[in-house]
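First up is the structure itself, then whatever we jot down about it.
A, B, C and D are the chain letters, set down in written order, and residue numbers restart from 1 in every chain.
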């Protein structure tokens, strides 16, 4: 029990701030058009259910994702961010996701360093055929963030 | 003066002592100091590796570990089987450290294997560390006129992944050395064919047929003698010849010499140092050809291959 | 480490030979023993110049402003400065042929309390990597080492780090001195203060500081040369190097790269990739 | 002030059952920019689209949001609706409330409804930042470049030219014809290769729309689809083709003999030569590497005997430039070098030859007048051993892949041998017989029955010389025993392998190639003719081993692609590409580095208004840009933006909820 609490404290940004009872996390999902967005469509057409907390934005390629989209999301409504692109080697634009991968890693670590739990920002490769995987990923991310509770860090005051 | 750890193996001290003795003479002339590995043990060929892998690795490993006690960085091995076993073990040990630990633990009192000593067959040592040119310099009695079929046997160049030396299918190192001695290596296709050594005792019939073809091809190629660098090859081809003749009704009379015997001869050692008595097939008739003129028509023809052919003007 | 004499000679020579229009160096503040950068336009002023272990600033920074653009400039660069300069050359912000570079094989500069500055203690490349002439004797590259403060913070719990950084971002007054002092922040219009209300908010809030500093450090990730001009410029002495050093650490650990700007043409870790980059953090 | 119209679709029950559509519409109405919101059963239906068109006009909408199925589904449909109503189609945004809400949250209508509303809010926010975009039209130069004058190149060139599109056909050797010209008869019909090929070669030469550049090589290719510029090197032939009549006096008198490449070095040609009698063009060239006049300045006989005085020893290589719109690469194949098979004695025995050498021997116009002979002694071989898969399907010594044609041509060789030497016998060592193709299996049967050739299933382990002949030792896997065949001649079916300069060519064209050097197609199944680079197509063995029918088919396919590309006067392109704001651009050129299509170049612009000083800025080549946005994300000064996915649009989406 004590260990559990300790774990909780260590793993949370602001342990003293409890989530309101009816709280639902908001997750900003940024998906590349050719693999992950198509994959998420497939999840729909095959009626695979997943938690309704994610809000999806479509971009042409994961390499279009500028780190400050993530920062911006965290500053405003989002309690977490999920970014998804094509598997390495499958990029519709040849090499986009390789550049993205480097940026993502550094961004994730930097955010974690300044106080965001590493699960706040997550990444995945989801191909156009992986409808089931997309559902799995979203479920996992949603649950991770639900555990972490609402995000209070550096929220933009006027929103 | 180059130094070399010498691993004779059981045959060099038995059936093939003419190899051993001439080897020592040759090395003296070449200015190589040979130091016999103290307290060396059986390499395990071929019985060990058909029974248990660990033993087949442990036996050679002990020799390797002993060799590491000496300052020399190369161990020259007379017998092809010993060479094969040692080199195989070395490669295995170097590529699988955890296996090395395991096997090493069985001979722990000998010390730890470091993998610092290189393992070479005598042929490889002559070819790589001495080199045909250096050998040619030492020749005082060129073997001109002697046509020899160079027989490498199965283990000196194979498997390539282990030996990392010469070509596994059509090696040329011994031929080069023979040329250096002034002898003429013949176009001999059965350089690496199996002589049946492992059936030498268990199923002689096979040996007779296999060695038979080798002898036949050697004669086909016009060779006066067969040169080998492996005691088992020698004993098979030499010792079995009468039986082969009896079985196939042939009369080959092709002496089978060690590379070191011919080297010794060319380096000016008297015939008796070659220990002719050790041979079943007398070697003198073949050596009598030394000094003859050789006619080789096909040499005069131009090669047909496109790549090297350059233009000629009428 | 005192190259005052040599530098005055060189600068004098350059002016008398008419090789340069401007020389960027250091001079005494005049009211204490600290130094400030100085731009010299004529021969007679060279005796102001000096170089000691108090010559802390990265002079490459002054190449990004109007008054040195397309002028023939002589300047002094220490190891870190020279790598910043290299990046500016790579990103075609300056023309090599316009520069006469005095490289220093640096022995480290001191901080305001007088002992050797942290970045000099941890320096991985003290010698100038691009120069026309080199003063001092080169000692070469050194092993990568993790910044002491980073190591310390990494051991803290997340909650502690939150408190630590919240204070930093809270104290930041968004004066942008850090940006102006950084030779690699040369953008004509910086993304951080483009006044498009929804994109960013100019307002001085913890949130905006967080946004600004994060974006800024990410734009310098794989490029920062750890000259600490930003920290020297910061009026409230925020430990800005933490962000940069963290990025450097992550990049070193994952892409085996550190020491930005070692060679001209190398743009830094974000502008290349390897098929074998870490993939395990991705679901 | 933005005036957004929101149109929510029931999609029958698909959306309505799990999302409270009327509630969503009410929510949408609350957004201040939304001036009009309505729901309907099927927005994609005609009446649905009509509602949109009417609303655009009535409510003077500045942008439209359709909340329905995935944009990947009906975006085009609704865009069309907008443009029909006289509105720029790119002012449309689609909120995906079916795939992303109703279908995936069927157990929680409340949450699904909330999510739908949010998705609409985001779409509305984005649409406010939408700009009017216009399809980009790129001009096309309607001229095709075909690289390689083998059957693939010839076919492609003819098909394109017949569509009245000019073609530049570049061939590196003095004559077109390629490998097929070396063949005798072709499977499975045994019609003579020359008879079917030479007419096509002549067509090429005489075709008004084909410019034939023999003895030439492509040096450079700049530009992008529809607008390439090719630099082509015309190697010095030292013969003036305009005046030369091809009489042949020169090469009859030339004293220098050189191994004849066309006949695989079996016989000799002269230093001034035309590769074969039916060559097109039938003009000789001087082989500078061997001509004694060019090497040592002695001889000059050809010049003396040439009545037309067409010989010009001073001729130099010249570079010609051609503006072209599309490229067909058809550089064909080379033979894999079998020398690793030392146990076969390759290179040691003259009587071991490759199948192409055999092909030349049995060819009617070949060096031996159509009779196979032993290179060693010129005797006609009676017992010929054919070994298949030499190099092919051999990971140890050769390459993994199957060369595809060897099974067939070896069967053909058996037949040809039988025709030329009636009392001969063929032994064929094979691994499998792969005769997939129209009339192929029948052909192999025919070979077996007609010639009585002995097919031995198994690999050959050794070839050695016994007297005059070769002993071929192999395994007969079906009998499970070792067999030895005495042979007068051994023919190795060596693997097909790409030319070793294929990778250089690929780099020069900016296309990719595999580990062997075969040029890579864009998609192995669905785009087998295109390369990843727009406007560059593949034909024949340069892409993978192929037989003649497949090669011709692919060549025609490539031609069809080229004609399709040239159908309009301009190429239409999606306007969602990057644009540079030169005011912000610092000229750091990071975008140039990361662009996967080399679509970004630099240009110099004045520092300020009317200033003499210049500065470098990035410039996007809209013909090449594919709109991935890599450059946008790495641009620190935000000088580059991606139309359709601008920073503004995306941030709007993020902050809208």
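Here are some notes:
As a working rule, a residue touches a chain if its C-beta (ideal position, glycine included) is under 8 Å from a C-beta of that chain, and two chains touch if they have at least 3 such contacts.
Note that this is a predicted model, so its numbers are computed, not measured.
Of the two interfaces, B-D and A-C, the higher number of touching C-beta pairs belongs to A-C. Averaging C-alpha coordinates per chain and comparing to chain A, the farthest chain turns out to be B. Per-chain CA centroids place chain B at a distance of 53 Å from chain D.
Separation between the centroids of chain A and chain C, computed from CA atoms only, is 34 Å.
Computed from the mean C-alpha positions, the centre of chain A lies at a distance of 68 Å from the centre of chain B.
In chain D, the positions touching at least two other chains are 594, 634, 647, 651, 655. Touching of two or more other chains is recorded for residues 191, 270-271 of chain C. For chain B, no residue reaches two or more other chains under the stated contact definition. According to the touch criterion at the top of this document, the contacting chain pairs are A-C, A-D, B-D, C-D. By the touch criterion given at the top, residues 24, 26, 28, 33, 37-38, 40-41, 43-45, 47-50, 52, 55-61, 63-66, 69, 72-73, 76-78, 92-96, 99-100, 103, 135, 159 of chain A touch chain D in their complex.
Listing the residues of chain B that touch chain D in their complex gives 167-170, 187, 189-190, 217, 220, 304-306, 309, 311-314.
Those residues of chain D that touch chain B in the shared complex are 255-259, 261, 264-265, 271, 290, 292, 342-343, 345, 347-348, 350, 375, 462, 464-467.
On chain D, the positions that touch chain A within their shared complex are 70-73, 96, 98-101, 103-108, 111-112, 114-115, 118-119, 122, 532, 576, 594, 596-597, 626-630, 632-634, 642, 645, 647, 650-651, 653-655, 657. Chain C contributes residues 153, 157-159, 161-162, 164-166, 169, 191, 201, 203, 205-208, 210-211, 214-215, 217-218, 221-222, 242-243, 246-247, 250-251, 254-255, 269-271, 273-275, 277-279, 281-283 to its touches with chain A in the complex.
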